[in-house]
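Okay, so chain A shows up in both of these, paired with chain B first and chain C after.
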Partner chain A sequence: MAKVKANKTPLVRVSKRTDISGWKALGIRAIAFVAALVVGGIVTAILVEGNPFKFYSYLFTGTFGTPRRIWKLLQDLAMLLLISLAVTPAFKMRFWNIGAEGQALVGVLAAGAMIYYIGDSVPNGVLILIMAAAAIVAGIIWAVIPGIFKAYFNTNETLFTLMMNYVAMCLVNYFINIWVTSGSGVLGVLADGHFPVIGNQPQILTVIIVAVITVLVAIYLSRSKHGYELSVVGESENTARYIGINVKKVIIRTMVLSGALCGMVGLLLVGGIHYTVTADLVGGTGFTAILVSWLAKFNPIYMVATSFLVTFLNQGATFAADAYRLGGSFSDIIVGLFFFAIIACEFFINYKVSFNLKSKKNEAKKAEDAVESEVKEEVQG
Partner chain B sequence: MNQVAIELKKVSKRFGEVVANNEVDLKVYKNEILSLLGENGSGKTTLMNMISGIYFPDSGEIEIDGKPVVIKSPRDAHNYKIGMIHQHFKLVDVFSAADNILLGEKMSEYSISQKAKETLSTLPEDKIIKSVEKDGKTSKTVDFKVLGEIALTYLKVAALPFIKLGKLIKFDILAKNRAKDLQEVADKYGFEIDLKKKIYDLSVSEKQTVEIIKVLYRGAEILILDEPTAVLTPQEIEKLFAVLRRMRDDGKAIIIITHKLNEVMAISDKVAVLRKGEHIATVDTANTNEKELTEMMVGKKVELNIDRTEPVNMVDRLVVKDLSIINHDRVKVLDNVNFVARSGEILGIAGIAGSGQRELLESIAGLVKFNSGDIIYNDPAKNDEPVDLKSKTPVQIRELGVRLSFVPEDRLGMGLVANMDIVDNMMLRSYKKGHGVFLDRKSPSKLADEIVHDLEVVTPNTHTAVRKLSGGNVQKVLVGREIASAPTVLMAAYPVRGLDINSSYTIYNLLNDQKEKGVAVIFVGEDLDVLIDLCDRILVLCAGKVTGIVDARSITKEEIGLLMTKTEVSEKEGE
Partner chain C sequence: MKKVLAIVLCVAMLAALGVSLVACNDTADFKVGFICLHDENSTYDKNFIDAIYEAQKALGLKDDQIIIKTNVPEGNECYVAAADLVDQGCKIVFANSFGHESYMLQAAKDFPEVQFCHATGTMAHDANVSNFQNAFASIYEGRYLAGVAAGYKLQELVNGGAAAKIGYVGAFPYAEVVSGYTSFYLGVKSVVSNVTMEVQFTNSWYDETAEKNAANNLIQRGAVLISQHADSWGAPTACEQANVPNVSYNGSTISNCPNTYIISSRINWAPYYEYMIKCVQNGEDIAADWTGTIATNSVLLTDLNANAYADAATATAAQNAINTAKAALQNGTLEVFDCDTFTVGGAALSTYMADVNTDSAFTPDTQVIENGAFEESSKRSAPYFDVRIDGITCLN
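Here is the complex of A and B:
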């Protein structure tokens, strides 16, 4: 008989969870969040001289310290949320659109171009409407091209949408080169096409628009026939065929929606926030949005929470980095740690890990049962 | 008295809340075929997976040849000479049968670290620098002989990885020679198979043969077969049984998982019955009968007869004329199929898996385009006016007022959406009703409640994802939905596959109800007993051709079995 190593049972046993209560899953995520913060603190302690515990207070003062910071937080939150909402219908359809960055960027370009070319000749109100139409149409075009190719030729949408990002970036640089004649290579603040300011806070309009869109997308996904069709297509294309859903039509329609929302992002960035055009105006949120949408399980309401967490950490850590006189990469480290912890904890939500320590086995089991029954009582209560 | 090959002692396995196996004791002897019998979900497969190293038991012991063992991985199982033949074959299509068998075979252990230790232990103990006394003075010189030896030893160690590589290459090159040994194994047990053929050229039963030879070649003494007969024709089953008997006489211990009682009686020496994860009894096959086994299996007496009424008011509802389909691989999957489905009767479709049953139903449902032929529906709402269904999509068919329901073979992948709850799955058929852009969840929700109540679906509530339901309940949800639209034609592909006896009978009764209501029912089945007892007529498909449409009341199983393999037989004769 062949050799079999020592007569041992495996120490760690991993088994798939069939079901987990919502509270327990939330608890695991909370633990992961806290763990990310603790590790963030440790990283800070290694990197800085002085009191590392101040890191945590910086997180809060950097985000909630002054009304200005709160407004900044809300604005960034709104933009991240909007672009996350934009990718969500496609994701729900299992169409991995990682081109939100480029789709928003062509929106930026279209809105900027309208200001640049016709800003002088039409009244501001009309200009804003034209900008909106142009940005949305541009976003749709950028999103629907991969959609059409997917529907008719089954091309890989991930690669396609990714490549479209670079095309968008180059297009923006090309137009900036045409528009900017001074040689600085930077387009200054454009004079026209600024959105109206409500109550002295330029951010309010953005927040209101995004709040309305969030509700609309949530309703679209859960209550409309279109939303139902796209989830059927996402879950099982065979089922969609079986009940007679036109899969091609649904793919293209959903990408039109996705692109239109990305175009909105570009419009708000130009008309409501930056009033200019640069190639990094979207600033990578198109990619962050993928994680935000995914972590929220494609639910627009949960997405408010996940985009808040990301924005909060990003802004807080940026503030802490300034306070400690560290570079901008510091906030990237903190946000990266957060994503790492949150994604890693999904493992513990999907799988149950038990340690096989013989002497402690029974105790552990009892404790586990106790916890489970507690959780059950909570749920029932 | 035979020796015990493997013994399980109080083996338990839990999956979350579900107890799959509860303190199961099982003994399997050499020179013996043991049938493992139980309803779906009784824990048969879990138990076997623990023996073959896929799962690890929560508690309990496994003994092989009287010694306690730990089987942590399929490799451990292989080392203990346990071989499992899975229901779904794990073969590489583009490789030859012999290559598949040799695939993954390991050459004998060659441990570099161990060899290195051995080599290093031969290092000379003399020192490199030796003191030489000369003229009363001691001077130190280097002993080149010792130095050379030491250098050589280290060189040998450094060469070990290359030696291993060389052995590996040699091992792979010689694989061709070993193919001859394989044919010997095959001939020994009387397998009729050419191992040089590619897997994609093999029939299902030949693929199974390859799997069996694979485990035999790897020296398995304990063989586990998971529902091996599910995909075979009666003739092939006989051949398989002959092989199993030969292996038994050769001293192997064989465990066979099956649902079919007649096979249990035919092949096994002993029967172990599992029910709800518990071992009920192990009995000698000679001292028991089908009725007793069924009682042990289901725990209570079940009526084995299906009530079949005489069809009344038969009208030609669906007429299929000269239907042919050529698929993407340019294979003629349906070849000139002609038949009529009549209202008020159940038309059974028999055939080996993949004989064109799926394509036939899908082309009627409008999912597959067909190359030639016609499908005519006689609409009862319009005085049996004929409607041509050729090149119509499912939506167009529905818009024509054709009330066609279809229970596809792939329940969770086609008929239902696994991650959606029961209500949303009810909506699949009806969500387009009404002109608004919003969904109406009220009527689907009511329908879901009705189905859960009427068909006794076991579920916490109607907002449970259907993937969390057991196989029988999933099927009740699907069939319930399809019947709810008051069809005039009901097609069901393998509606009882994987279902336990009670759920199966629920489905049979539902189909019979529909028949009595005047629906034309088309039932694609695999269990010939059921086809004969349930249907009025049986259409037999073989390789896309209709080889016969027979009266179910007067046909025998053997006759159907012959029809199912008709072209194959005639082809062989032609060769």
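Here is the complex of A and C:
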């Protein structure tokens, strides 16, 4: 405990607040976002020769400049949102699943394996159903293994799910080596198992599927008994046990759901977007999803907004990096600045900061504070 | 509060719109787009990007006529990037990684008015898509010459009592890599006839840790000289730390490895860029399958580092031997894969069917032994030499 003289008040006081209005909280976040953009502009000005203000126009032209870029934005947003939704039920249960990357990747592998082995012997519609079943089952298996270990042996799920990511990556490379006998490690585009294209835009189907899943997950979490049970387990396992919730069952059931959604991610990546299998097809979104889910406070509807912001910044900053010929680290810096500002601003939402600059002039207040701190010292002593 | 926020947001949007409209009015009529797997932190991509600037300068093109997209993965992102470059008005789109090929081919089919050129690919010569082309270079000749330089260093080490054993860090057990390490080995063997080589694959084109570990493993197993075909600084850095001489690829590594760097071979892409751009500007067809050579200045060696040799006279002798071999390669008196210089399973190779044409089962389809030599890169620009010859052991 810092020693404060009885007759002196601290210059800065930080107090917890819980009564902040929704608009004020949103305002603070908006300020943080603008602050991140301003700092991004300053970083650009330091790094580039030429006009640093073009950074802002690149950010928008890179994302909204052409219909194709808007479709890319929507598709990437949908995929990031889906994998964020996948980790959310587990997070609400305070089960730190950082294995979404690997769970989606085994989904990729399972869907790809179905195309590779039976692609030319069954009709495309049947193949897609088999791919869906395989990808979802694979995702579930990958998620439920750490779930079972957590439920029965209380193992550390963070380390367990992290390790499973690497196993998944090695499995993918193993199968690619078997399939590609030339040794190049490149499978190339698979001929079968492509999803039907709606309205000449391959992204539409992905966006529709993810929109439906978002609504379903939102209902599941906020309106269903299951959703209630998993948040009780998250608040306190003992309370959950006391009111008769089977904690083991909830943990395993929630991980099955997480795994199934990750399997869907893998399925869409193979059948709807890339038509191939590579070890980096999930592209790190399984890790970005952790932040997206956290920033949205595990609310699926807010998650649409946080996924949009991350995707927008990523795509816009990548475009700016190429336009300025700065290389890939530039976009990482911009997205990092954004995360930093948004996470830092949560402090100002949860705590009130007040300054005490006029304390000398106000004798009465000084006396009051002195009494207050004496009382405090007594209590703490 | 609500109103203020709404006004602020509106102003921000309008400002952004205004700035973007101002930025949109650049109208260069001839543009070329480039797609790179990584950025300049990868030695492989840096070699391509440097060549872009070189070609841009040589042809007098302005900055806004050259659009480079970096960090484009080997997935549908490549197709989207290619299509976006077409949207921006590019007449040529070039991609630099093997895994980009399927997506480039698809883009070529969807945008027939634009030329799609792909480095290291194998499909163009029999894909029958007139605006899709492959390009590569006879880099095995460069690696052979780098091997000669390494041979002189190895002879120095052998004279000092070391065993004639070298190591090689390879990316994938793929023809491009096999052709590369075999030509390097044959170059060394032309100087030190009893040399043996161990090869360790990393199964990745860019994995700094794996490349470093592989190099260290080869050194521990007794290799006294290392070369590599992978794109990070992993292997050369490991060699500098262990004080083991290193033959590099994609460019000189002398800046970080002043004591151990011997020489590097690299493909110079500028001649191809200039060729493809001139073809389109003049309305001529680009060759479906283009192989750069020493003669086209596509196969280059960086400067020999005399400091890597114990004796300056050896460095001079190595340089002279390189010059002689280079002249012989150019006038046809020397062939890298001359069947008299290597054996397979103890016997000389007299016939070999290589997988030249594209099919999903990788079926061997073309006889490539002609006049007593394996004719690399003559049937197709991308390498197809995938023979495991005696003297080289693959560890994995």
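We take it that the second predicted complex is superposed on the first by the 348 of 381 C-alpha atoms of A that agree within 3 Å, B and C clash if a C-alpha of one lies under 4 Å from a C-alpha of the other, contacts with A are read in each partner's own complex, and residues count from 1 in each chain.
Keep in mind that, in the parts below, a residue touches a chain if its C-beta (ideal position, glycine included) is under 8 Å from a C-beta of that chain, and two chains touch if they have at least 3 such contacts.
Please read all numbers here as calculations on a predicted model, not as lab measurements.
Look at A:228: by the touch rule set out above, it reaches chain B but stays clear of chain C. More residues of chain A are touched by C (comparison of chain B with chain C). Legend: residue contacts after superposition of the two complexes on their common chain; A:200 is shown touching neither chain B nor chain C.
Touch criterion met: A:17 reaches chain B, while chain C stays clear of it.
With both structures placed on the common chain, the touch criterion links A:239 to chain B but leaves chain C unconnected. Of the two partner chains, neither chain B nor chain C is touched by A:154.
Of the two partner chains placed by superposition, A:121 touches none, neither chain B nor chain C.
The part of chain A that touches chain B in the complex is made up of residues 1-4, 7-10, 13, 15-19, 223-229, 231-232, 235-236, 238-239, 241-244, 246, 352.
Interface of chain C with chain A (complex): residues 1-2, 5, 8-9, 12, 15-17, 19-20, 22-24, 38-41, 67-71, 73-76, 80, 83-84, 87, 98-99, 101-103, 106, 172-178, 203-204, 355, 361-362, 386.
The touching residues of chain B, when paired with chain A in their complex, are 15-18, 56, 68-70, 72, 76, 79-81, 109, 365-367, 393-395, 398, 406, 408, 410, 413-420, 424, 427-429, 431-432, 437-439, 468. Looking at the complex, you find that chain A touches chain C at residues 23-24, 26-27, 30, 34, 53-54, 56-61, 65-66, 68-69, 72, 173, 177, 180-186, 188-189, 273-276, 278, 280-281, 283, 318, 321-322, 325, 327-329.
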